[in-house]
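Order of writing sets the labels: A, B and C. Residues in every chain begin at 1.
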Amino acid sequence: MKDDIILTMRGICKSFPGVRALNNVDFTLRRGKIHALMGENGAGKSTLIKVLTGVYSMDGGEIRIEGHDSPIIIRSPQEAQNYGISTVYQEISLCPNLTVAENLYIGRDTSSTVDWKTREKKAGELLEGLGIPARPRQQLGSISLAVQQMVAIARAVDTDCKVLILDEPTSSLDDNEVEMLFRLMRDLKTRGVGIVFVTHFLEQVYEVSDQITVLRNGELVGEYEVDKLPQVELVSKMIGKTLDELSTIKNKKAPSGEAEVLYEAEELSSTESKKFDFHIDKGEVNGFTGLLGSGRSESVRAIFGADQVTGGIIRIHGKKVQITKPIDAMKNGIGYLPEDRKRDGIIADLSVRDNIILALQVLRGMGHPISRQNADAFADEYIKALNIKTASRETPVGSLSGGNQQKVILARWLLTHPEYLILDEPTRGIDVGTKAEIQRLVLKLAEEGVSVTFISSEIEEMLRTCSRLIVMRDRNIVGELTGADLTQERVMSTIVGRGDDHE
Amino acid sequence: MTMNKKITTKNFFTNNSQLLVPLIAILLLLIFNLIRDPSFFSIGVATNNNGDPVLQGNLISILNGASELVVISMGMTLVTAASGGQDISVGALAAIAGSVFVKVIKSGGTISPALVLGAFLLCSLVAMIFGCFNGMLVSAFGIQPMIATLILFTCGRSIAYWINGGATPTVSSPIITAVGSFIPGVPVPTPILIVILMAIFFGLLFRFTTLNLYIQTVGINQNASRLNGIHVAGIKLLAFILLGLCCAVAGVIGVSRLSLINHETILLNIEMDAILAVAIGGNNLGGGKFKMLGSVLGAYAIQALTITLYAMKVPSTDVKAYKAIVIVLLVVLGSPVVKEAMARIRRKLRGRRSTALAKEV
Amino acid sequence: MDEKGLDISRRHREPITDTQLLLTITICIFVCMYVAAILIWGGGFKKPQMLFDILNDNAYLVIISCGLTIVMITGSIDISVAGVTALVAMTGVMILNGSMPFFSVLQASLGLADSSRIVFAALMALLIGLLFGLVQGYLIAYLEIQPFIITLAGMFFARGMITILSVDPQKAPQALLDILQKRIEINWLGSPNKNGVIIPARMEVGVVIAILIVILVFCMLRKMRIGRSFYAVGGNRQSALMLGLNVRKTRFMAHLFCGILSGIAGFVFMMHTGAGNATNATAGEMNAIASSIIGGTLLTGGVGNVIGTFFGVLTLSTIKAIVTTSGLRDPWWQSITTGAMLCLFILLQSVILMRRHRNKH
């Protein structure tokens, strides 16, 4: 049994400024097994993978791999490959402008000329052997993402890898493509490759995996055999209880049915989301829940007009309005804190001040700049109010820690005094103290009459702050929970889709 | 209190560190000239043909001669910041604007101030329309700025040629001379005054609109800009239109200096100098944060270098070679790799010193 | 009977790649244009000599465009190419007419005939090209400085050096020119003149060199490991790094090749004109960029083909020839039609690639 282990990671620690990304995490991979690595955003999955592939250096712990007696140190992706650890990322790291065969062999050949004939023949045999439906001479960019992914896997396999890491390989694939990928994974299994499978789709985990390791908040929750862990239990391990220091926060308000409806959407849809109905009362805090990829973020993006809106009727204060792009939403008193802070939120090189006043400035229009004095005053006010830790208001926001960046974006929207605030994962990847602050702030806003839609990967957090939860699965709304139904068990069983009768 | 002050002065330097390179370049050039020939700095008052007193001297000719470059660099800074690319058609655009200017004046009979003003407005409009064309290619079709503006670069000067029917007409009039050299009674060359006017124009634009903030925001993060309600394509377009205006102003200065339009030689190769000015001014050619003052200083540094070389009796045709060497030195010093290496060496030295100290103790 | 592998490769005709698509469009447009020219304007276009004249005049442009295509495939740019070409031509001519003392002394001390100067000139051409490639490549690839700025400085340096070498135009001695300008006569492609005597088609040696280079570069891009690395680095630098390629070295090599080819182009240019002049190959860099773009190379990198570039040069020069023969003798028409053509190609490419990109989602 012991001989089957090909990779062990023990006591892995990794910190970033302000966040403890991994705390004493263990991970074990066995020959010919598919090992799922599960956890919500900020749980530390990707950090663990990056430590293993040499993208990050670890602060503590040791990695052992079969064939080496002493612990190994991995300094770069190249070194990881030399140890037999190959990774296939969600964003494909192949060259789309080259052919399939070239992508398989470029960077590995030793002769200075390219023998296209033998290369294509070898590629053809490799692809055929693995049952990958790609032809060697096709341009990589012209084939589907799923097949591109399989080509990347083929390349990894051909380099004699022992450990194959698949980082969210299925997130942009349809059912047939996923099936193709699974067939390939099972095939590799029989060849003795150990596969680390990172995903957030529960069904897929149960379909192919042998073991599951669950991480939460950078800590190891445990390692389980798939057949001994029911789905509901897995969900509860992923998003279940959190730290006690937050337990004082509680939304006491129950939806009374008397409050005025602030925002109402009928059959709203965008290029990224399916049709859905939604409404929120004045001063209500509600939430979209569901696992990653369930369409929760896409739904709120549609409300804000962040993706191209394709249809639907929207009423605010009962009056019909048109919201097709972000500026429309902003003019109607809606604010949106995006899920991906780096990509969609901060303007990294600009100062904290400029980042704070940006939304208000846009609302006031190009011809009415906020005076330097006022801007400074606004910035100082919110730096103080939200307790933003920054050297000065002139500091580029990119140099702040994640939590403080998030607070800057919050400040940006609070400054516009929105009637309706959408917060998509405001607590992702930030420390516990800041999380509590943000949750308290949400409740305070609600008391002041602001409506808030809150999305979080941690169910506890949502149960505390929201008085109504909308549950999503596979891009559809599958349930709406209020009052007494707002319990962890209820939410999880709705997510999994089994009603109350969990066996 | 003193703490506070310290922080603000420190902030000033960290915030404006990008201005250091062009400032140092200008300073070094001036010091070099001071050692070489102190009379380089003499500013005299001479009398011109009309009997008016005018300022003369190397410093004045640096300020005067750089005018067109400074004006175009201002616009180039905006385009670079917003689109992350450069417009190489500015010289051609200035030629078109200059030709329109001359055409209108030629067709208007007697040359009156109103006619000159009208001609300026019309040529600005034309240049802004061409700027708009460039901007559309960049913002709507997503073509790289250099490629998009290659079109106008190729045929712009020919369009200028065509506007005036292939001739190089002269427009001699006291009014044009006043624009190109001196206004009677004012000893400062008019182009310098025009540059000041343009600086005030952009100063007011930045003061009374949010253009500065928007352009930087768009240049740094397009996604976030859109999600904060900024019209990304519109801002890029605006930057190109403003550059068109700058080209028109530069074109009019260029025409007025010589009182004629020569579509082939007017502001030749100025696109290269303008891009250089932006780069020497410490602005990232990949877009994002910018300081227009940096580009302006960069433009003056380029002109100071040119005038210094002239003063050293280097033939005007050879100036380019020396300029190239200075440019390479500047960008090598400014390159992130070199900066990092220098920081590493400094750290090592400091480390050695501290260990040495520790040993002594 | 069929072997399975063969069967597959026969049955599946691969959808064409971006490179092939853009290449096909270019060749089609060139052929259509040339046939239209023959049908509409007849005259000179009917004679094969017209095509040879176009080739003779533009052999150097073909060579620098090849170099530029390599650089553009890696996602970089080089605007010093024409400057280097002109510098090499000037140096070569001065070696030939003996105004470079060093080489005259060398020749005398070795007791060689005058024709040995041709060898010196050729070696010097390669050396200058190599030096430019080395320095620019190092600064761009290893110090990570913007290629635009570095090669702009390279252009300034080269152009400045020309006038430092000689302000006056230089001419090569006729005796040596006779050797250099030997033409290849092709009788069967000849056409009768007014008196009915068959004048054979004449092609310069430079054209043969240019075509050889096109073939060599084509083979390198297709068959050599380094050639494929150019595409990979241009397609996605991050991916190339992950695939285990040495990105820095690859970018360095691209600039090195480009420099050497510019040197060779300079020699070919000198063979064609036999004269050195400060205005040699003016705006050649932009013509080369335009040719590469028309030939289907994307400035964003990763897509391109030298065969396309070859046809790009032919297309550009044929437009000019058509404009000239169609009676629009004014030079502005050339660049206006070139600009319009360029605009068409750029828009076409952007629309095609945009649509392809959208279909994938």
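Just so it is clear, a contact is a pair of C-beta atoms (placed from the backbone, for glycine too) under 8 Å apart; a residue touches a chain by one contact, two chains touch by 3 or more.
Please read all numbers here as calculations on a predicted model, not as lab measurements.
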Specify the chain most distant from chain C by Cα centroid. A
Which one chain sits nearest the middle, judging by mean Cα positions? B
CA centroid of chain B to CA centroid of chain C, Å: 32
Chain A-chain B separation of Cα centroids, rounded to whole Å: 45
Starting from the mean Cα coordinates of chain A and chain C, work out the distance between those two points in Å. 49
Hunt down the residues of chain C that sit against at least two other chains at once, touch-wise. none
Where on chain A is chain B touching in the complex? 304, 306, 325-327, 330, 336, 338, 343-350, 354, 358-359, 361-363, 366-369, 392, 394, 412
Which residues of chain C touch chain A once you look at their complex with the stated criterion? 5, 8-9, 12, 14-15, 17-19, 222-229, 231-232, 234-236, 238-240, 242-245, 302-303, 360
Complex contact set, residues of chain B against chain A: 7, 11, 15, 207-211, 213-214, 216-217, 220-221, 223-231, 288-289
Chain B partner contacts - residues on chain C that touch it in the complex: 77, 139, 142-146, 148-150, 152-157, 159-161, 163-164, 167, 278, 286, 289-290, 293, 299-300, 330-336, 338-340, 342-343, 346-347, 350-351, 354
Residues of chain B touching chain C in their complex? 86, 137, 141-144, 146-148, 150-159, 161-162, 166, 272, 275-276, 279, 285, 315, 317-325, 327-328, 331-332, 335-338
